[in-house]
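Please go over the structures that come below.
Next come two complexes, and both contain subunit A; in the first it sits with subunit B, in the second with subunit C.
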Partner chain A sequence: MSDEVATDGGAVVESEEPASGGSGGSALSRLRERDDFVVVASAAALVVFPFLLVDVLGAVGDVIGLSIGGYTGLPSLVLIYGIIVIGFNLLLGYTGLLSFGHAAFFGSAAYSAALFSQIVPSPLLMVVVGTLVATLLAWPIGFVSIRRSGVYFAVLTLTFGQALYFYALGPGSWLTNGDNGFSNIEADGLFLGALPFDAQLTPLPILDSYTVMYGFAAIAMLVAIWVGNRIINSPYGLIFEALGENEERVEFVGLNVFRYKLMAFVISAIFAGVGGALFVIHEQYIHPTTGLYWIQSGDFVIMTVLGGTGSLVGPVFGALVFEYVANVVSGVSLPAIGSIGSLWRFVLGAVFVTIVWVFPRGIYGAFADLAALVNGGGGEGGDSTDPAATDGGERE
Partner chain B sequence: MARDTTALSRRDVLKTSGAAGVAGLAGLAGCTGGGGGDSEYPALGNYPVEGDEVVFGFNVPQSGSYSQEGADELRGYNLAVEHLNNGGGWVDDWEDLSGEGVLDKTVTAVEGDTATDPDTARQSATRMINRDNAIMITGGSSSGVAIAVQGLCQEEKVLFQCCITHSNDTTGSECVRYSFREMFNAYMTGQALAPVLRDEYGEDLNFYQLYADYSWGQTQQASMEQFFTEVGGWSQIESVPTPLGTSDYSSYLSDVPRDETDVLVLNHYGLDAANSLPQAIEAGLDQDMEIVVPLYNRLMAEAASGSIDGIFGTADWNWQLEDDASQSFVEVYRAEHDRAPSYGARIAYTQTLQYAAAVERAGTFYPPEVIRQLEGHEYSGAGLGEESMRACDHQAQRDVLVMQGASEQEQTEDKLLNIVSQTPRGDIGYACDAGPAAECELGEYGDE
Partner chain C sequence: MLLQSEIASILLNGLQQGAIYALLGIGLTIILGTMEFLNLAHGALYLVGAYVGLIVFQETTLSNGFLYSAGITSIGFEGGFLAAIVLVPIVGFGLGLLMERFVAEPFYDRPETDQLLVTFGLALIVEETVKNVIGGNTFQSIAPSTLFGVNVSQPIQLPFVGLFPSWRLLIIVITFLVIGVTYLAIERTDFGLVVQAGTRDSEMVRLLGIKINRSYSLVFALGAALAAFAGLIGASIQTVSPQIGTDQALIPAFLTIVVGGAGSVRGAIAGGMVLGLIISAMTQTYSQWAQIVLYLFVALMLVFRPEGLFGTGEVGE
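On to the complex of A and B.
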C-alpha cells in the first residue's frame, strides 16, 4: 500500500463517512473517542482479566491436562508492561519513531525507585521519583537522538541504553549492587504497609488473584489509558499522528517538528518510567540485564508490534501474549515434545510471524477486522468493503 | 514478594488462625498431643503440603551459555526423584531416606528455564512457587541467578538448594536463611590451588588475570589475587574484566605482557573458558607462561580438548574418585545415560537428597524445622568424604579437588582431567567471622 495514495484516500473516506456511513458504525466510533467510555470499558476489562487469565485458564488446563493457567502475579506484570507499551506506541505507532533504548528509561526508573525506597518506603512516591528520573533522562537523550531519523535514531537510542547498562553492571555497582541485583526494596504495601501488596482485595477465595498489587497496577493502567486517550484525541496528538504520516508536510504547515518529536519521546519515556517503578515494586528486585539491557527495549518493540500499532490499547494485547508465552507457555510440558522450556522464544517467534503475516495490524487489528466483518455482514451487504477501506485509511 | 499474592494471602489467613498454634508451639511444644507430624505448624510458604504428592522445582538453564550444564543438572535431578520414589543409588545407603517418597508423599517435579538470566530465573521460580506449589526450588548455573533466586525464596519462605554457583557472595554478602550450598566457592578454590601452584611453578612469580565480568568472576579474581599473593608470594600485574559471553578474546590476550608474565589466570567458565583457553594456546601464550583455569567443568574441557594438557584447575567432584558413594553414583548414572556424570549432576543429585533427608529427619515439610535439620548437619556418603553444612553461612565445608588437564592422547569421552590432589576440608575454609562468611547475615526462619 503506497503512502500517498492511502493517505489521500483515507482523508477522503474519513470526511465522507459520517455523512454517508451507517448510523451504528459512526456512533460507536464517536463513543470510542469519549474518555469516560474508554475508561469505563477498560475498567470492566480489568475487572475480569485476572479471573480469566488465572482461574478460567487454570480450569481449562485441568480439563485438558496441561498447566496453562497463569499465576497470581502474572496479571499485574502484564499491566505493568501494558502501561509501558501504551507509551511506546505513542512514539512508534503514532509518531513513527522506532526507539531501541527505552530500557534506559524503564531501568533507570526502576533503579531510582528502588534506591528511593531505602529513604522513604512509599510505593506512590517511588513511582513519582522513578517517573521523574526517567523524564529528566529522556530530555537529553531525546535531544541528541531526535536529530537523526530512521536507523540512526534507533542506534543512537540503543547506544545510550547500553551505556547505562554497562554503567549499572560495572562502575556503578556501588549504587546498583551490580551483577548481584538490587533486592533491598523497602516497600511491601500501600499506606505505610497497612495494605500489603499480596493481600487480597476480596475475602472470596475464588477471586484470590485479585490482590492489592493488582489493584494498584490496574489503577495506574486506567490512568495511563485515560492520559493516552486524551493525548491521541487532542490536537497535540493529531500532530504526532501527522508526523508519523509525513514529516515534511507538518513542517510546511509551520510547526516545529523537532519540538513535537522530542515531546513524543519524553511522553513515551514517562510511561516507561511509571512502568519501571511499578515493576520494581512488583518484583522487589532489579538487575541490569532486566532493567537496562537492549533486549528489554527489543521486547517493548515486539509487544507493541504484536499487539498492533496505531491503536491505543492494542499494544496491551501484545504485552499479554508476550508475558503469557514467556511465563506460562515456557513451563508447559507437551505429551510428545516434552518440556517447552527454552523454546519459548521460538514459540513467541512463531506467534509473532503468524500474527504479523495474517493480521498486519497486530492482534488488535485482527479484532477490529473481525468486528468490522461481523458488523458489515449483519448490516448492509453493499457496505462490506467500506470498513476495510476505512481501516486502510486509518492505518497509515 | 508481590507476586506470590494468592498463596501468601491464603497463608496469611491461615497464619492468623494458626497464631494460637504458634504460641502453643513456643510454650508447650509437644503438648498438642496426637499431632500427626504435619498439622502442628502454622502455614508458611507452600507448607502444608496437600495431597499425596510433593512438588520440587528444578530451575536450570535450558538456553544460554550454560545450557549444557543445565541439561546435566536435570539428569541428576531426575535421577534423584526416581531414587527417592523407588529406591536406588544413595537413597539405599542414606539411613534417613526410605525410597518410598518423602514423608510418604510421592515426589513430582516441575522444570523451568533460567536462560542464565536472573530475572527470567526469578519469574520461572515464581511460577513454580505460586502456581505449582513447589516446596523446594533448586538449580541454577550462574551465581547471578543463584543469588537472585535465593533472595526470592527467602521472601517466599520456600527452600532453595543451590546447584552450580561458585561465587563467594552466594554464601557471603548475599547469603539467606532459606538457601544452602553444597558446592565450594572461589575462596576455597584459591586456598586449594595456590599451594599446588607454588610447589609446581615456584615463588615470587608475576601473574596476570582475565575474569568474566559478573558476580562469580569478580569474587573469583579477588580470591585468586589474595591467595596467590599470600601463599606463593606472587605479585599481580593486572586483572582485566571481560564481558560474560565473549567469543573472541584475542584483543584481551594480545594485551598480556609476555615478557613479564609468568602465570596467566583465566577466570572463565563454561563456554567462555572453552573460547578463551584455546585462543590463548593458539596465540602461543603457553610458550611464554603457565596458564591456569581455576574452575574446570566438563563442557570447557571437552571443547578445549588438547589445550587443557597439563593445565591446573579445581573441580567440585570427579567420577574417578574411588570411594563407595562416588562409585555407586557413577554406576547408576552410567546405567541411565551411558556415560560418566559431570559434577553438576552430582551437586544436583546431592542437593535434592539433602533436602529430602532433612525433611525426613524433621518429620515435617515445615521450612524452619527443615532448615534447622540442615544447619550444622554432618554427613558423608556424598562422594567427598566427611562434610558438614555450616550453620553460620550455609556453606558446605568439604574437600576440594585440584585437577590437571589430561593430554590429548590420554583423553577419552569421560576422562578429560586427572585428579592431582584432594585437599582435605581442614586445610581450606574460613571461620564464621572471616572471609566471605564475615559479611553474611542469614535473615529470618519465618517462625520467629
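On to the complex of A and C.
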C-alpha cells in the first residue's frame, strides 16, 4: 500500500509546480528532508533505543532504587503506537482533522489479523490482511465523515467507531467472541517460523530487549517513517498542510478538497491498521475495550498532541511518554507517596492539559524551541531546527 | 406484534431517558451556541453530579451516614434525596463558574481542536480523580423509597400501561419541570434574550453595551448545573461508576445536539426525546442492537440533515 501512496503523490507532482518540494533553507535542512538521511538517522536511533530504554534506565533505576527500567516488551509497543500516531498526525497535525474514531481501524485490523492467524499464522500476511480490512473500512467511513468538518467530523468518526464497538460486543460476537475477545494468538515468527517472535536477535544475554518482535516492529517503523516523510515532503503532503491551514483557499486554487481529505483519512487509517495488526502479534490478545472503545481513539489523540503535531516524528515521542507512563511509571512505588498504580492516568491527564495549554506544539515542539533558545535566541530558521534533531536523537 | 401496554411503556421509558438526554443536551448546546466552545468535559459534570448526589444521599439518609452519627436520625420526609436535588445543581453551578473562568476563557480564541483537547484532558482528570478518591467500584442506584411522605418505591397502576415504577414516573415529572423552567428562562427572560442574541452574534451584543462576559459565566454555570442535575437523576435509576461520565452522558449529549441542531434549546429537547425513544424501543425489542441503531441513526442524520431538527447549521462548523 505504501507504493500506491508514493505513486499517487508522484502523479500530482506533474500537474503541480515541480520546485515546491521543500522550504529551501540551509543545506542541513535540505538534508533533513532527504529520504535516505531520515531513514538512516531513524535506523540508528532504533538500534540504540531498546538499550537506552530498558538497560540504561534499568541500571539508573538500580542505583536510585526505583524500577524505572521498563520491561523488555516496551520498545516494541512504543514503536507500534509510534507507527499509528505518525499516520494519525498526518490527519490531525497536517490536514487539521481531529478524528475520535481511529480505534475502529486499529481494532478491525487487530481482529482480522487475529482471525486470520487461525487459518495461516504468518505474521506478514496477518499485517497485510489487517491493513487491508482497515483500509476497506476507512473508505466508506471517511467518505461519509469528511463531508462535515470540525466538531461534526469528530462526532461522526466517534459514532462510527462506537457503532463498531457495540457490534463487536453484541450482535457480532459470533465473529469477535464478544466480551471475551481473543487471547493466546500465536503468530509463527519470521522466515516460516524459523525465528519465533520472542527469540533474541543477539546472543548477548544483557541485550534481552532486542527480540525478533522488536526487529519486526523496527522495520515496520522505518517503512512508516519513510512513507510519512515521502508524503509530507511531496506536493501531495503540502496540499494536506494547506488544507489544515485554510481549506477555502485550497478550494479556490481549484483542487478537489474532498479527494485530498479522504486520502488523508485513508492513509492515516492504513497506519492505524498496520499498528493494530502488529499489536495483536506483539500482545497476543485483542478485546473490544482495547481495540475498539473510543478511549483507545482518545489515547491516539493524547499521544499525538503530547508528542507534538508539528513534525513527522514528534508524535512518536508522545507514544514513548504515554506507553512509558502506562507500563513503567504506573508500576513504580515512590518512597513518600507509595505505589502510583492507577494514578498514572490522572498524571497523564494533567500533563496533557498542560501541554495543550502551554506548548501547543507538544513535547517535540517545546524541545525545538528550547534548543533554539539555547542556541542564541533569534537564530536563523535552518539553524534553530537543526539542534532539535540532535536533541531528539539523544533522547531516543 | 407489540402489545398496547408494551408500546405505552416504551413511550414512558423513552420520555424518561429522553428527558435526561435533553437536560444534558440543553447544557451542552447553550455553551456551544453562545460561546462556540466545545465542552468535552460535559460528561464529567454529569459524573460529579451523580457522585455528589450519591454522597449527599448516603450521608443524610442511611444509618451509617454523617447525620445519623451526629444524632439526627430523620430530617423529615426522607429528605436525603431532596437535599441532593438542592445541593447537586449548586455544586454544578459553582464548578461551571470555575470551569468558565479557568479552562474555557483562555481557549475562546484558540482553534476548536484545542478546545476539544483541553476539555478532553479535563474529563480524564475528573474521571481519574473520582476513581482515586472514591474508587472504581460500582454503586447501586440511589432512588429514595419515599418523597414528601409519599411511597415511591412501589410500582403503580396506570391506564393503558399497567404497572409502572412510580419513581420513574416522578422522574419524568421532575425533569420535565426543570426542562420547562430552563426553556422559559431562555425564551422569556432578558437573560435568555442576551443568550439567544449571543448565539447569533456575540460581537454585536458586546457593541450594544451588554456585559456578555458575565452572561458567558452564567450560561456556562447554568449548563453545568443542568448536567450535574442530570447526573443525579441518572444515578437514581442506573448504577454509578466512573465510566458513566462518558458512556451515559458525554456521548449521548453530543448525539442529542447533533440530532436537535447545535445551538438550539428546542432542538436539544426534541433530539433528546427522539434518541430516548429509539433507545427505549430498541432495548425492549432487540436490546443488543440498541446502541448500534442509535449511533447509525445519528450518522444518517448528520449525512442527510446536518443542521439537525432545529439548527441553523452554522455553529461549530
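In this text, the second predicted complex is superposed on the first by the 339 of 396 C-alpha atoms of A that agree within 3 Å, B and C clash if a C-alpha of one lies under 4 Å from a C-alpha of the other, contacts with A are read in each partner's own complex, and residues count from 1 in each chain.
Operating definition for what follows: contacts are C-beta pairs under 8 Å (C-beta built on N, C-alpha and C of every residue); 3 or more make two chains touch, one makes a residue touch a chain.
As the structure is a computational prediction, the values presented were derived from the model and not from experiment.
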{"item": "Side-by-side fit of subunit B and subunit C on subunit A, or clash", "value": "clash"}
{"item": "Partner chain(s) touched by A:L312 [first = subunit B, second = subunit C, both, neither]", "value": "neither"}
{"item": "Subunit B versus subunit C as contact partner of A:L222, first or second or both or neither", "value": "neither"}
{"item": "Which superposed partner A:S339 touches (first subunit B, second subunit C, both, neither)", "value": "first"}
{"item": "Which of subunit B and subunit C A:L46 touches, first, second, both or neither", "value": "neither"}
{"item": "First, second, both or neither for A:A168, with subunit B first and subunit C second", "value": "neither"}
{"item": "Touching partner for A:L98 - first (subunit B), second (subunit C), both, neither", "value": "second"}
{"item": "Touching partner for A:Y152 - first (subunit B), second (subunit C), both, neither", "value": "second"}
{"item": "Contacts of A:G349 with subunit B and subunit C, given as first, second, both or neither", "value": "second"}
{"item": "Subunit A residues contacted in one complex by subunit B, in the other by subunit C", "value": "170, 342, 345"}
{"item": "Sites on subunit B touched by subunit A in the complex", "value": "1-10, 12, 62-64, 67, 110-113, 115, 117-120, 122-124, 126-128, 130-132, 144, 147-148, 151-152, 155, 169, 173-174, 213-215, 218, 241"}
{"item": "Complex interface listing, subunit A residues touching subunit C", "value": "92, 96, 98, 144, 147-152, 154-156, 158-160, 162-163, 166-167, 170-171, 294-295, 298, 301-302, 305, 342-343, 345-346, 348-350, 352-353, 356-357, 360"}
{"item": "Of subunit C, residues touching subunit A in the complex", "value": "32, 38, 106, 110, 112-114, 116-118, 120-122, 124-125, 128-129, 131-132, 136, 246, 251, 254-255, 258, 262, 288-289, 291-292, 295-296, 298-299, 302-303, 306, 316-317"}
{"item": "Subunit A to subunit B touching residues, read off their complex", "value": "58, 67, 69-73, 76-77, 169-170, 178-181, 183, 188, 197-200, 205, 208-209, 211, 213-214, 281-285, 287, 289-290, 326-328, 330-331, 333, 339, 341-342, 344-345"}
